[in-house]
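Both complexes below contain chain A, partnered by chain B and then by chain C.
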Partner chain A sequence: MEIFITVASVSGISTILTILIIISERLFNNYGTCSIDINDGAKKLDVEGGSTLLSALAENKIFIPSACGGKATCGLCKLRVLDGAGPLLPTEEPYLNAEEKANHTRLSCQVKIKKNLKIVIPEEFFLVQEYKTTVAKIDRKTHDILEYNFKLDKPITFKAGQYMQVKTKPYGKVKEVVWRAYSISSNPSTHDAVELIVRRVPQGICTTYMHDHVKEGDIVELTGPYGDFYPRDTASGYVMIAGGSGLAPMKAIILDMLERGIDKQMYLFFGAVTKKDLYYVEYLQELADKHANFHFIPALSGALPEDNWTGEKGLITEAVDRNVQDITGLHGLLCGSPGMINACIQVLKKKGMTDDIIFYDKF
Partner chain B sequence: MKQTANMLSIQEMMQAGKLTAEGFLGTDTRNLTEILLADQAVVNELGLTFKEIADKMQAITDIGLKMTEAVLPVNEEFAVQVDEYMGFIPCPFADNYQAAKRNTLLKNRRTGAAVHWSDLNIHMIREHGFFEGVGSYFRLDPAYLISFLK
Partner chain C sequence: MSSPAINPILIFVAAIFTSNMILTNFLGMCSYISVSSEYKTASGLGKAVTMVSVVTAVISWMMYHWVIVPLKLEYLQYIIFIIVIAAIVQIIEMALDRFSPDLHMKLGIFLPLITVNCAILGIILFMVIRQYSFMQTLLFSFGSGLGWLLAIQALAAIREKMAKTKLPPGLEGPGITFIITGIMALAFIGFSGMVAVQ
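Now for the complex of A and B:
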């Protein structure tokens, strides 16, 4: 009985305190209109104080990438806040390295607007737009990967290697809306549609929505393009290494380079476990057959007897080691899981490739 | 069994649609406290600790992390595959822990029998003694898991 009274008292006091805090916030924390100075006066916004920086920018059609909807679990919504942000929060700490902390980088979803702010955001974020799209086609590529073709409501310009964000709708017991990032696999010369590759994440809220609930003809909201994973130097050739859905941006990059007539050597390695995990193989092999400078090397680390696989066997690192002898004039482009990328970086470095010409996108 | 307000709040976070599509409790009709106590009894009876189980799981995941999205040998009998996905998932026990979205598949090469777990499973077993509810996608029956890991 005594324990019950104690628990009830503590719960009661906590509830009263919470109510008081909420009331006082409403009464006293009226921050009024605050200004946001972007990129040293390049753009200025007046917003009502009290919301997060991420949502205030989105309301003004400036879309900062964010995959978790403001819960500080993705670390994507970084930007620099030079003035007015207040102290760094514990929720931000895990996502910021020493250099970022020193240059005032913050998670915009965690910065509450209480006074005037001075912020710096990459210029390309001004190009990000919202698209109301129609799902024109859904094509199963593997047991856990679907390719979506979205017809856009207005033209898009993007660089091969960039990604879009998909907005979910409530479904089943999922009441919240989330945003998630998926790489574009289509050629940037197509402006009225984009193709995205979506790999099912077991129990994932967005991929379950995409795989089980989105149908052809549905309207889906996208924002983009985002990301800086694209080749800068077309004077060099590339060793490209992809795993899983990391093949999506590589396909876009290959299509773009071949269409632009870039004749540098391009080696594309695609690592999978068994044959059922492979996709785009015939398509990419046909491209390789047509273009002497493009070499496509899929490798299976766990090929089954019934796969009858005659291609490269073993880890993707071993396939790279066997097939790339001279890395002179080649840069590295890697997209896949962190573990795969870390291992591949070591192989490229062992062959003499330096850190400054190895570019990667870890998902 | 009656639950504390804290347990009720955690149980609420474990419902479908909160942190994952189908939640952490599956089709289990027991409440969170009952699930925890039942699984703790199994672990106690088998003479192990949550930390020992989690350490073993982590050691196997670490082998798989040497090359993710690939099948790697653990020993003559077992092989491991670790798949990674973008982002993190917070622990429903509200302890500020965020696990990488990473799944480990441990497979007996001879029999084909397998168990799979997430990085969050390892954390929740180590810190909270939680193996998820029966019927949940990532439920790990403690007795089966222990016998498999042996």
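Now for the complex of A and C:
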């Protein structure tokens, strides 16, 4: 009898408390239908309150870039929220500079929809779509880099230099779904497929998924195109510097420029450690031989004796320093690790290039 | 020990100064040590503890007198109190988020931390042992919360002042914090003649 009372009362108390929590969640988390006013009345959405701005927009097929899936660790999902966002959260603060704070920029994954919102979405985000793709071809480029060709379910229009996001599926011990960004390496004139280059990162959730679990013929979800890393027409030429898989957007940019017959000077520097880290080299060299305005300079920082390397040796910054003399009118396009990019920015600035014409994509 | 006769106001003052949760009972030390390097966050946590301690103590008093005692479940009181605290903290967080986003901003991140703050459970258990009345419980919990706030604010202020002080390597962080707390506790003994109630 006593056991019965004990069990019944403890479960009773727990049940009552659980019910209380559920009721209060219904009560407190019910914000009704809120309207989101986008770009000063250009578009209006009605969404259920309580969810985050990022997920509410995604449900309505507006895709804001986000690599961390709403955990406030990537800082990519920035949007200007003019009205209704509430105070800035401590989780957002580290990702916003003074100017962004002043113009009401927020991380859309942290803004909870509680009332009507007024937001500004850059026009290019409306071009972002969701693609169900089939992996048509996987091509090994180096010991840790694979090239993927995705056949798209509908045509895509993008600028050379932009990137796509890959959605992973849970595998092995990884239970979560993540989104990761990879630059498009194929020519923008191809509308029914995109190529991405994925370099294996030890312990990387998405790169491990791509390298070990994605096979030819698999279905993979992509969104895009994203990003403002593309050449501006105002330049009279470009100094492009790539490290590792940073060659991907450069390849797309060069193919696009050459195909459109744009006669501007293009210097492409590709930094790697040893010969086994090089890829696309013969292909790009052939293009350089055919086109007088395109110069391709691969450089190895740690060439081994057996590499028989006759090209540029040393750090990529030294190669840039040696090979580019007159920098007037040129724009900088850099893609690679933060360390490489920062060092290259220093070199370009020393040569007289200003900050506003150096474009880069750090990863 | 029954305390029906003690004036609740006296209990309130005693809870802040002479039987301070941290400085005489050394309860709630984990968050006290780890969240006291900045005055602003320490104040936030202290205020959140104060609020949660009052709400949970009041509800636990009702639980104890209206459920636990009638059903003779005294031997289960620890489990019941912990479930109650956890549930209440959840509900408080949701309510704050809805009705006072500003306050939720300031206290929100501390609320889950408080679920496992021993000072909160301590307050409830003292209330049971000392057989406080409802009024006494209310003021005791409020006083204890304020005492906790006062202690963590004092410690955080001292630690901020000391931020640039050179310390022997072994004493940095928790080491020196314990020493400061000990000296503060000694100072608080000075209050002990003021009100002599438990």
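In this text, the second predicted complex is superposed on the first by the 338 of 363 C-alpha atoms of A that agree within 3 Å, B and C clash if a C-alpha of one lies under 4 Å from a C-alpha of the other, contacts with A are read in each partner's own complex, and residues count from 1 in each chain.
One rule holds in what follows: a residue touches a chain if its C-beta (ideal position, glycine included) is under 8 Å from a C-beta of that chain, and two chains touch if they have at least 3 such contacts.
For clarity, every value in this text was computed on a predicted model and none was experimentally measured.
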Practice problem: Would you mind checking which one, chain B or chain C, touches more residues on chain A? | Solution: B
Quiz item: So, does A:P202 touch the first partner chain B, the second partner chain C, both, or neither?
Solution: first
Quiz item: Touching A:I219 in the superposition: chain B (first), chain C (second), both, neither?
Solution: neither
Quiz item: Looking at the overlay, what does A:K175 touch: chain B (first), chain C (second), both, or neither?
Solution: first
Quiz item: Between chain B (first) and chain C (second), which, if any, makes contact with A:L82: first, second, both or neither?
Solution: neither
Quiz prompt | Partner chain in contact with A:L304 - chain B first, chain C second, else both or neither | solution = neither
Exercise. Based on the superposed arrangement, let me know which partner A:I13 touches: chain B (first), chain C (second), both, or neither?
Key: second
Quiz item: Between chain B (first) and chain C (second), which, if any, makes contact with A:A42: first, second, both or neither?
Solution: neither
Exercise. Check whether A:P90 is in contact with chain B, with chain C, with both or with neither, and answer first, second, both or neither.
Key: both
Quiz item: What is the shared patch of chain A, the residues that chain B and chain C both contact?
Solution: 90
Quiz item: If you look only at chain B, which of its residues touch chain A in the complex?
Solution: 4-5, 15-17, 20-23, 64-71, 79, 81-90, 96, 98, 101, 103, 137-138
Practice problem: Within their complex, state which residues of chain A touch chain B. | Solution: 7, 11, 67-68, 71, 73-75, 90, 94, 172-176, 180-181, 199, 201-205, 208, 243-244, 271-273, 301-302, 315-317, 336-340, 343, 363
Quiz prompt | Touch list for chain C against partner chain A, complex | solution = 63, 67, 71-73, 76, 79-80, 83-84, 87, 90-91, 94-95, 97-99, 101-102, 105, 109
Practice problem: Mind listing the chain A positions that touch chain C in their complex? | Solution: 5-6, 9-10, 13-14, 17-18, 20-21, 24-25, 28-29, 86-87, 89-90, 114
